[in-house]
């Protein structure tokens, strides 16, 4: 079953003026003008700098016992690479996955996404299609509700060739 | 006489008489046109980002183009050039040349991704072949192998004499034993085949499904003549168009030519609704997807028995087997079981024409974030082949498409597709 | 491009109370990538890309994706929710130019 909703395009929204912008500000705490000047979550940086920026010097343990990172060994192109991360977690208010990060080491913008979860998600299981600039490691980093950091990583080869490029 | 997936089936001899001249109605960048730049050079008018080089020297698929392959050059390896194996290796891997690794595996962790459309060269040095022989094979392999699919690199000027000398020196260093593979993806023989992009009809997986919905608005909206498609084709597109696409491409007497759905919309839309639907326009692609998906699940059933169909198939088959372009390739050089279908060309698996390659077109191209119909896919192939493309709605492409579609007969339509 | 902001959601056709349900979502969006000039320097401009995806169920936020230009064009996201009561599931996409797009699904039990 698929469901869809069309809402007015951005131009129409903007025509509603301050109300729309205000609504956005109220819910997410940032106005349109602010969005453009606020420090962005994604930065043009090395993966080492990205890891430092996100996690400081905190210890990140090996998460292979609880994290499943689904990503192809060979990506047909770097434009659309499907990634799925699931974490073995009870997702109760006393023990749940707070954040799942996806980081691509060789990307110019290594931080791909951070998913914030509530226990009402039921499971810690998320997916996204990501861009990969070139062959390299992709990491899934998990922060538990008790602050524990866990990571798994996989090497993904981006392929080329043939008449399709 | 049926053409039903047998590569060896004989067809009528091709007859090129009486084929009408077709004036393209495609969008300006889709016509294969040229313009003259300020300094007098001919520059191709192409889609954004496509190369604009003029490949006029080389044969094209145009029915009037009688040129044959560049003649075979038999050459002697120049004396006085010291072969540098390191330079040769760099050339072998360079994507601005072949790259040679596109077809030939050689040792090295940095060899990614090598193909196996051609023989593995990892121990060619053990064969102690004369330098002159290797030089000639790289320069123009047709001197020894008349039916080869290897491009005549020297004859067409992709490699200079010095460069070939370096490559020969490199090849002569490749001796066994070959180190065991650390990585099963490196060798195309053990590399896993691509998994594809999942369910092409899932709108949360395939953006083209979302774009195809735009066809609905086009179908119902009144065109400049005051009429909508829906006015004549009653009951909604899903009912009115059900099964229609399974019969295309087909010969249409009114236009004296074979037409795909895309070609037909170009003439039909203006004649009825007054709306322009140029080949490669968004409207044409959206409407084509919208019409074709009304046949999803139904078997392709193009006419292969009428005299007109048989004549077109004969010409389409000649096109399929015709060597063209700077690379001197035919479609058949890559896309039949007898040649390289099922093998890797670089990182891509070459498709087998007998499997049926058309029933998922138009398709989403994930790497381009665009919808491509069959004609754009043909035009794209022209680029690495080093050949000037024809207009998207040309009769040559339509008849080649018919030849390909005959192999889809009996198999279910599934539009839009999703591919790399 | 008039298709920007079109959203599609997929949920299973049968949902029982207590099920943990997977949702697939897609939004048409260019996710503009960084451009560089002939010298390789980054062109400074506002790049239009989705930077936040918020999932709410019965009015409560259950998942938020903070996203960057390293997410694919026409981005796909999947996530889960625990179906406790019938009601609305909403996925809202925000982009850097102030664009706001949403898709909703009426969760019913069967």
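Per-chain residue numbering starts at 1, and chain names A, B and C are given in the order in which the chains are listed.
Basically, a contact is a pair of C-beta atoms (placed from the backbone, for glycine too) under 8 Å apart; a residue touches a chain by one contact, two chains touch by 3 or more.
Everything numeric here is computed off the predicted structure, so don't read it as measured data.
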item	value
Reference chain C; chain at largest CA-centroid distance	B
Result of counting contacting C-beta pairs for A-C and A-B, higher pair	A-C
Centre-to-centre distance between chain B and chain A (centres being mean Cα positions), rounded to whole Å	36
Mean-CA-position distance for chain C and chain A (Å)	12
Shared interface positions of chain B, touching two or more other chains	203-204, 369
For chain C, residues contacting two or more additional chains	2, 6, 8-10, 24, 73, 76
Overlap residues in chain A, where contacts from two or more other chains coincide	2, 4, 79-80, 82
Chain B to chain A touching residues, read off their complex	95, 102, 112-113, 115, 185, 191-192, 194-195, 197-198, 203-204, 334, 344-348, 350, 366-369, 380-381, 384-385, 419-420
In the complex, chain A residues that touch chain B	2, 4, 72-74, 76-77, 79-80, 82, 135, 157, 159-165
Complex contacts: residues of chain B adjacent to chain C	202-205, 207, 209-211, 214, 369
Chain C residues touching chain A - in the complex, by the definition given at the top	2, 4-13, 20-22, 24, 33-34, 42, 46, 51-52, 54, 57, 60-73, 75-82, 84, 94-106
Touch list for chain C against partner chain B, complex	2-3, 6, 8-10, 24-26, 28, 73-74, 76
